[in-house]
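Okay, so chain A shows up in both of these, paired with chain B first and chain C after.
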Partner chain A sequence: MSEFEICVSSQLTELGGIAQFITERARAAGLDDQRVFDVQMAVDEASTNTINHAYGGRQDGQLRVCCFVDGDDFVVRIIDQGAPFDPETVPSPDLDAPIEERQVGGLGLYFMRQLMDEVRFFSDPDHGNVLLMRKRRA
Partner chain B sequence: MGQEAIVPVEGRIDASSAPLLLERIESVLDSRPDHLLIDLRAASYVSSSGMRVLLIAHRRQQALGGTLSLINTPDKILRILHIAGFDQVFDLLPSDGAHS
Partner chain C sequence: MATLTTHLKRCDLISLEGRYDSGTAPELEAAIKASMDQDVYRIVLDMSKVEYFGSAAIRVFVVAYKTCRRWNRGDVRLAAVPERIQHVFELAGLWDIVGTFADATLAVGSF
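Right, the complex of A and B next:
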């Protein structure tokens, strides 16, 4: 089982490179265009949340994005050493609210959950915050 | 039909590029167009940060008494807008000049 990894600093300008990395790896794992798009978006939203919230705008943090194939699944792991994240504290977006009341906060996490088959956050004392996401390859 | 302005959007609109798009849209809004068209034909991706920019632009345009429409939205971006319920918020036009 081959695992691939990209390690970048906690800056939003790194998002393009992360997207390129995960797109190439997801394609190589045999995902179709829609699944590749979904994985890319989930990783982009997760990375943005990490940079903006876990690191709170600090640019000297590290973000590791790893991926591998596990049977029928394409698995992505995102690891950071920023502030721990509790997804239970993020309210679900109200998708039926009129435009005057629509909020975009919380939408990143909502997209991750909609686009991936599994999204799990945990804390690893040796590594930091770990986000594990799975997407069926077909 | 009043004055129309088009803002073409290219490539990825993620959290890094979204602020620049907002600046571009705001500079166009300064000319007070009646209809602002955001042309997504060449857009490859719009993240939630990009959607936030579109939402801000829509609200500002409404406050100024104008309209905002998305045109030439690629299917993959339409699908994402639908997942977020934004297809019910934005006026989506199929192609250039297809105003109803």
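Right, the complex of A and C next:
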């Protein structure tokens, strides 16, 4: 099982490079264009949350994005050493509310959950915060 | 990625190109603000060359949409939205709310 990894600093200017990396790997793993887009978007939103929230805008943090094929799934793991994240504290966006009343936060996590088949956060004392996401390859 | 504004008689036409993630969405925000600073609240976003539109860009859009429509002074309408980007607007629960047109000419003509 081959695992691929990109390691970048916690800066929003790195998002384009992360997207390119994950797009190439997802394509190589046999995902169709829509699935590749979904994975790319989930990874972009997750990386954004890490940079903005886990590292709180600090630019000297590190973000590791790893991916591999596990049977029928394409798996992405994002690891950081920033502040721990509790997804339960993020309210779901109310997408039925009139647009004038909508809060503009919480969309990133909502997108990740909609786009991927599994989204799991945990803390690993050896590595830091780990986000694991799975997408069926077909 | 490039965001280009064309001033027209009826509205401003802002042509988007490339990726709009958290790092680059501020460019779109600045373009829309520049129009609003000129008291132009009728805006068409030509989405035909957009490759990616993340939640940060969606937030910029929602704020602009609300601001432009306040007191019935205008609107933000979308033209030539690629299918994948349409899906993002659908996920955000916006697709059925926002005015969308097949191309920029139709969108501009709608004002």
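Convention: the second predicted complex is superposed on the first by the 138 of 138 C-alpha atoms of A that agree within 3 Å, B and C clash if a C-alpha of one lies under 4 Å from a C-alpha of the other, contacts with A are read in each partner's own complex, and residues count from 1 in each chain.
The working rule: contacts are C-beta pairs under 8 Å (C-beta built on N, C-alpha and C of every residue); 3 or more make two chains touch, one makes a residue touch a chain.
Just so we're clear, the structure is a prediction, and the values are computed from it rather than from any experiment.
Engineer: Evaluate whether chain B and chain C can sit on chain A together after superposition, giving fit or clash.
Structural biologist: The answer is clash.
Engineer: When the two structures are overlaid on chain A, which partner does A:Ser9 contact: first (chain B), second (chain C), both, or neither?
Structural biologist: neither
Engineer: Would you check which partner chain A:Gln62 touches, where first means chain B only, second means chain C only, and both and neither mean what they say?
Structural biologist: neither
Engineer: According to the stated criteria, A:Gln81 is in contact with first (chain B), second (chain C), both, or neither; which is it?
Structural biologist: Once the two structures are laid over each other on A, A:Gln81 reaches no partner at all.
Engineer: Quick one: classify A:Arg102 as touching chain B (first), chain C (second), both or neither.
Structural biologist: both
Engineer: Kindly list the residues of chain A that each of chain B and chain C touches, one partner per complex.
Structural biologist: In chain A, positions 12-13, 15-16, 19, 34, 37, 40-41, 44-45, 48, 51-52, 93, 95-96, 99-100, 102, 104, 107-108, 110-111, 114-115 sit in both the chain B and chain C interfaces.
Engineer: In the complex of these two chains, what residues of chain C are touching chain A?
Structural biologist: The contact residues of chain C facing chain A are 19, 21-24, 52, 54-56, 58-59, 62-63, 65-66, 84, 88, 91-94, 97.
Engineer: Could you pull out which chain B residues touch chain A in their complex?
Structural biologist: Contacts found on chain B: 12, 14-16, 45, 47-49, 51-52, 55, 58-59, 62, 76, 80, 83-86, 88-89.
Engineer: Where on chain A does chain C make contact in their complex?
Structural biologist: Within the complex, chain A touches chain C at residues 11-16, 19, 34, 37, 40-41, 44-45, 48, 51-52, 93, 95-96, 99-100, 102, 104, 107-108, 110-111, 114-115.
Engineer: Tell me, which parts of chain A touch chain B in their complex?
Structural biologist: Where chain A meets chain B, its residues are 12-13, 15-16, 19, 33-34, 37, 40-41, 44-45, 48, 51-52, 93, 95-96, 99-100, 102, 104, 107-108, 110-111, 114-115.
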